[in-house]
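One chain, subunit A, appears in both complexes that follow, with subunit B as partner in the first and subunit C in the second.
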Partner chain A sequence: MTDNKFSKLSKNYKLSISNPKFFDAVKMLISILIALAITFVILCLVSSDPINAIVTILTGPLTKTRYIGSVIESFIPYAFAGLAAGVLFKAGAFNLGAEGIYILSGAVVTAVAISPVTTSPILHPILCFVAAMAFGGIMMILPSFLKAKFGTNEMVVSLMLNSIYAGIAAYVVRTFLGTLKRGGNSSKDYLATARIGYLYEPLRISACFLVLIAVTVILYLVMKKSRLGYQIRLAGTNPRFAEYSGVSAFKLAISTAAIAGVLSGMGAASALLTQTQFYTPSQSLVGIGFSGMLLSMLGRNNPIGIVVASFMIKYLEQGTKILYFVDKSVPSEIVAIVEGIIIMLISSQYFLRRFRERKLLKEGLEEHVE
Partner chain B sequence: MNEIILKLDNVTKVYPNGTVANRDINMEFEKGEIHSVVGENGAGKSTLMKMIFGIERPSSGTITYKGEEVHFNSSMDAIHAGIGMVHQHFMLIPSYSIVDNIILGDEPTKSIFIDAKEATKRCQELSDKYNFELDVTAKVSTLSVAKRQKVEILKTLYRNAELIILDEPTSVLTPQETEKLFDQLRFFKQQGHTIIFISHKLEEVKQISDRISVIRNGVSKGTYLNADLSMEQLTNLIIGRDLENDMDEYKTHEDFHGERALEVRDLYMERNGKPVLNNVSFEVKRGEILGVAGVEGNGQQELVKCITGLEATKYEGLIKVCDQEVNHLNIRGRRDIGMAYIPEDRMVDGVAGELPISDNLISTYYTREDINGKLFMDNKAIARMSDQLIKTFAVKTKNADASVNSLSGGNVQKVVVAREYNTNSRFMIAEQPTHGIDIGSAEFVHHKLIEMRNAGAGILLVSADLNEVMDLSDRIIVMFNGRIAGYFPDANKVNESELGMYMLGAKHQSEEEIGGALND
Partner chain C sequence: MWSNILTTLFSMRFLLTIIRMATPILFAALGAFTAASTGIGNIAIESIMTFSALGGVLGSYLLNNAWLGLLIGLLIGILTALLITFFSMKLGADAFLIMIALNTFADSVAIFLLYQITGDKGTTASLPTPILYTWDIPLIKDIPILGEILSGHYVLTYICWLLIIVMFVVIYKTPLGMRMRACGLNPDAARTAGINVERLQVLSLVLSGVFAAFGGCYLSLNYLKIFSKGMVSGQGWMGVAANGIANGNYLSLVLSAVIFAVFRAVSIIFSSNSAFPTDLVSAIPYFSVFVILTAVSIINYYRVKSGKVEEH
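So, the complex of A and B:
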């Protein structure tokens, strides 16, 4: 029995190029190596001590707990944005609205965080989260609803809504939540009860970190094993087939958008309640929603992959920041090069294809000889 | 021996998904011959043709055309070299005239403008020279399927094609139209053109070919003179065993008390102000197969759309599945009552190619209790059931986790049929169930349909393949121009040419006779 099980296992997870999952992993690894190699070449051009520079980027964040703690704290909102994008992409939706939802939910979080709704330091952050999640979920639905109902282009609508939501957030914060300090564009300071403290201070691990892990695991299970995940896979790979099979495209579009919105709300709340004292709509959360899409691509729309990718990118960013302290000739933007090359390579259909074809040819012929 | 115009040496093609489509193919085509390439669909004929026409590149091996080794980077290169291809699915722009379609990409010009006069003249001359009987200024959208095919052929001739590849050209034609096409092909041959003819229909291959090449499992099984080869030998070469032909032997006749699986009454549907379905009434009883014959585009697709409820279509009339009115229900609701559906285009509607076979085997009943746990789906039960279905339906694959894209056409269709079979529905629509798949798989699908019929399902078989309709059906209706043109209560008592007359509109039965389709 155990033998049988084992042989089946090894058959399914054969470490061979013909196994698409293994091939993907190999491709990812080689992409990362190539990206680092190119980064090194660039470092050689701009830095007087390129070897030290690349070593600093790769190991710098590990040299002090403060550094790694900063990575842990800052990657969480990005991971949430990645998860949100992953759900949408997996369902074949091109709703790019996470950016606007982040900024708008930021205003919602702020409204709750500056109001003395409760004196409990546990309940207050939870209320902030719930408000942001509910609001994010509802507002994210709009582009998907318009598409499912009227056939509008969700990409255009969601991009336009990003600007509109940002405008609304700025107006609300300035008019209702603002203070005259800080140029009038920022909110009042959050109440102490709303702020989320650290569970383990040196590594800056907060409850948000635990929430992220739990959400990732749940999302992974939902995608892999639930009926909803199955519907999302169907609609994402062939919407006509999903329709033919009796999956309601409308319900699915609404529910995936809602999930993505809830995740975005969580991301906004976790960023604001740990990292800042107040909210500035034009600064605090800008860019996170868009980054989420890249992270989702890096993680191949897989929840665990996305979280790992988010951590990795934030780690490299931290590395370049540290490098910038010691070597001003290397701009910290260099991390964007690494990111760009990896995404380009893993999303390329052609990269390593010849190699795989040759392998397959060999295997195919062997099989034929048998 | 004649001059060799095209020669393939050890041509091998591996697709990125790991399918070895062709392996060490060696083949020679002589100038001025009609050379058929036959084989099961997964056998790799299409891939071979794509390589000759420059759509795909060989992984190894060489192609020699007119004595020179060629490496086509795209079909443009092949066209310039003098190779033309008429695809199974036409590549025409319906809103353009015939001339515009023909000259597209190779327009005769006068300074910077298209020389419309010259273009029309050249196209008309070409059409007349080959006796195509076309008015080249007509819009393609107004043409019948057979005429569209002529336009496709003209397109290749306009580009001076010496070698013309015809991919399943007869699949959309009536017997009479096929005859005409064959006359034309013989004329091309006289003019010195070389024809590569791809078909599943062996009678036709025997009828038209000078030589026949057989491909099986991606490997060439040799080239033969048509005269040297009997039908049985040919079949044997293609599938490696003998075929049983008579489907009637498999039919059992149990009594299902005349229960209805489907009832359609006075169906009427309009498109652009024109009726595409008119006064269509019939029923399908449990335990029978009702065949719908007809040339493509005479309302069959619309009929299927109305019955399945796949797209929200507006129609008048009454549709009942298993004695329940379903007019207001979408496809989910109709499936729940007991409808299964094998769609015409399996890759578009019938599967999600990138997903594993197991996912594709459960899509139409993924909420069913036996494959669901309390919270999550029961992946173990799904795996068990998939393995079972793969075995029962002889799907050629390594395991249930392989993606559907890694399968050949015939095996993809088996996945679709296996899934619909497994719904245990009382009513089944089979729309072109063996379109473009190999003989072995087609035979298998046919057996399974009869098995379902014997078990008490009512099957509506919509097919452009006359032989299929005649072999499988108990009763037959013929559609022409959105109406039922003929009704035949006993499929065994009607022959191909008579059905052909009704399909072309040359004959039409009286209201009374057609009424039998509903009340028999």
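So, the complex of A and C:
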């Protein structure tokens, strides 16, 4: 009995191409290698010293603690955006509204952070977080509600709302929260009590980092073990079956959107309260929500995968920033190309399929001969 | 202030602005519609427009001829469409994900290329680029009023209206168009009837890429005369929205694209008046798309519910 169990277990972790999980990992690795190879080719075309360039991109962030600290600080909001997109994608929802929620929640965070609501340096950031989370959760529901109730195209609606929210945030910050400093586009400086300090200064680890880890673990468990997580996965893989087995598509759409909105609010708060200490709607949080979708695809909608992917991409970006100091011919946008290639390859089901089938056939034949 | 705005709203200049602003949205809408006719939701219009706009300007600069630049832009549109079909049909990736990914990193890729070629991350303003010109129709241009409306537009505007008519004929009046629509309505039935569904879907996606590329080239080679970062600014998505509103109806496709253009023109008028907050005014076109799209879907929902229309 135990023997049987053991063989079953070992089969699950067998390092063979016949194990789908192992095959996925191999595919991921090969995709990354191909992406890096293509990047190298591009570097050969644009840079005078391509070998040094790729070495700098890959190892540069490790050369100074300051660099790796900057990666740790800057990847957190991206990871939250990735988690938000992951929940929605997993449920088969194409609500692309995280970008707008980030920018609008930024204004909410700012409103709380510049007003003396409390003098406690612990309570103030928490209040900022709660306000952004509640606001994000509610606002994110709109496109999903319209889709679930009336069948409105949620992708177009959420994209239009992104642009609308960007306009509203810019207006609100300029007229109600603004200062004439910094060209009139930015908010006043945050109160000192709203700042989230570092727990470990050299690596810039703050409470936000711990919150991110906790949220990731909780989300992973919810997705894997809870009823809601099962319903989300079911609706994502087979919506009709989900509907017939009694999952309310409407409730599910609303709850996943709310979760994604709460996560986006957290991301906005963590970015503003640790980094700039003021808010410029046209700059501070722009692009994070969109990047989140790519990160979610990179992490294959798995919370832990998403956080790892966010770290990896921010690491590469830091590498290109360091490279840019020495070699002005390579802008940091090259990371987007790496990202794009990896995403396209790993989301291709048939990529490497023939290789796998040949391997499986060979293994099968060998077993047969034995 | 209001009288000022009203006079502008009813002036000839405003009408001409609408015609200029409608062109890229119409191209985008045509692209979305063509792909949708065979059942493919092409949401990559926005990124194809970005790529082609840049490709058009760079091609025109390198080959020193605006028409060859346009050709390069169109080729890039076709290549992007083929890239999507390669990943979705050959490699079995989810087409939606590939297109979302394309849209999300289109700007970065464009900036990367722009920087490599011009050393500037924002615009191609420093490149001496030959551009496409406006066209005065002989005879018609001498007619008062009508001549002013019909004549003197950008070349691609005329091509746009021509393509709208051509595509109407192709999709509704030819066997090819009928087969394409059959693929969209019921691919299995079409396959049974001996139609090569995949080939038609590739064809429609490529055509869709060509139309989107026209839209992008219009922006960079005709309308703004340069490529600048973020210049497409949701016009591709307005085309997708127009297709969503049209739901297979060609006339309402064209109408909704024009209505979106009207709101874009209105927002420009309001933003030139300092009495209105620019931040909010710049959101008017997006707000109009949001309101119209939502209203149409709510109306459709209640019409289906009350049994007036059958659900597809």
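Simple rule for what comes next: the second predicted complex is superposed on the first by the 356 of 370 C-alpha atoms of A that agree within 3 Å, B and C clash if a C-alpha of one lies under 4 Å from a C-alpha of the other, contacts with A are read in each partner's own complex, and residues count from 1 in each chain.
Definition applied: contacts are C-beta pairs under 8 Å (C-beta built on N, C-alpha and C of every residue); 3 or more make two chains touch, one makes a residue touch a chain.
Predicted model only: the values in this text are computed from it and were never measured.
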Touching partner for A:T237 - first (subunit B), second (subunit C), both, neither: first
Partner chain in contact with A:D49 - subunit B first, subunit C second, else both or neither: neither
Contacts of A:D327 with subunit B and subunit C, given as first, second, both or neither: neither
Partner chain(s) touched by A:D189 [first = subunit B, second = subunit C, both, neither]: neither
More subunit A residues in contact - subunit B or subunit C: C
Touched partner set for A:L96, first subunit B, second subunit C, both or neither: second
Intersection of subunit A interface sets (partners subunit B, subunit C): 349, 353
Subunit B-touching residues of subunit A, taken from the complex the two chains share: 11-12, 18, 20, 221, 225-227, 230-231, 233-234, 237-238, 240-248, 349, 353, 356-357, 360-361, 363-365, 368
Of all residues in subunit B, those that touch subunit A in their complex: 12, 14, 16-18, 20, 23, 59-60, 310, 330-332, 335, 341, 343, 348-355, 359, 363-364, 366-367, 372, 375-377, 379, 399, 401, 403
Touch list for subunit C against partner subunit A, complex: 43, 87, 90-94, 96-98, 100-102, 104-105, 108-109, 111-112, 115-116, 121, 233-234, 237, 240-241, 244, 277, 279-283, 286-287, 289-290, 293-294, 297-298, 300-301
Contacting residues of subunit A [partner subunit C, same complex]: 46, 94, 96, 146, 149-153, 155-157, 159-161, 163-164, 166-168, 170-171, 174-175, 290-291, 293-294, 297, 329, 331, 333-337, 339-340, 343-344, 347-351, 353
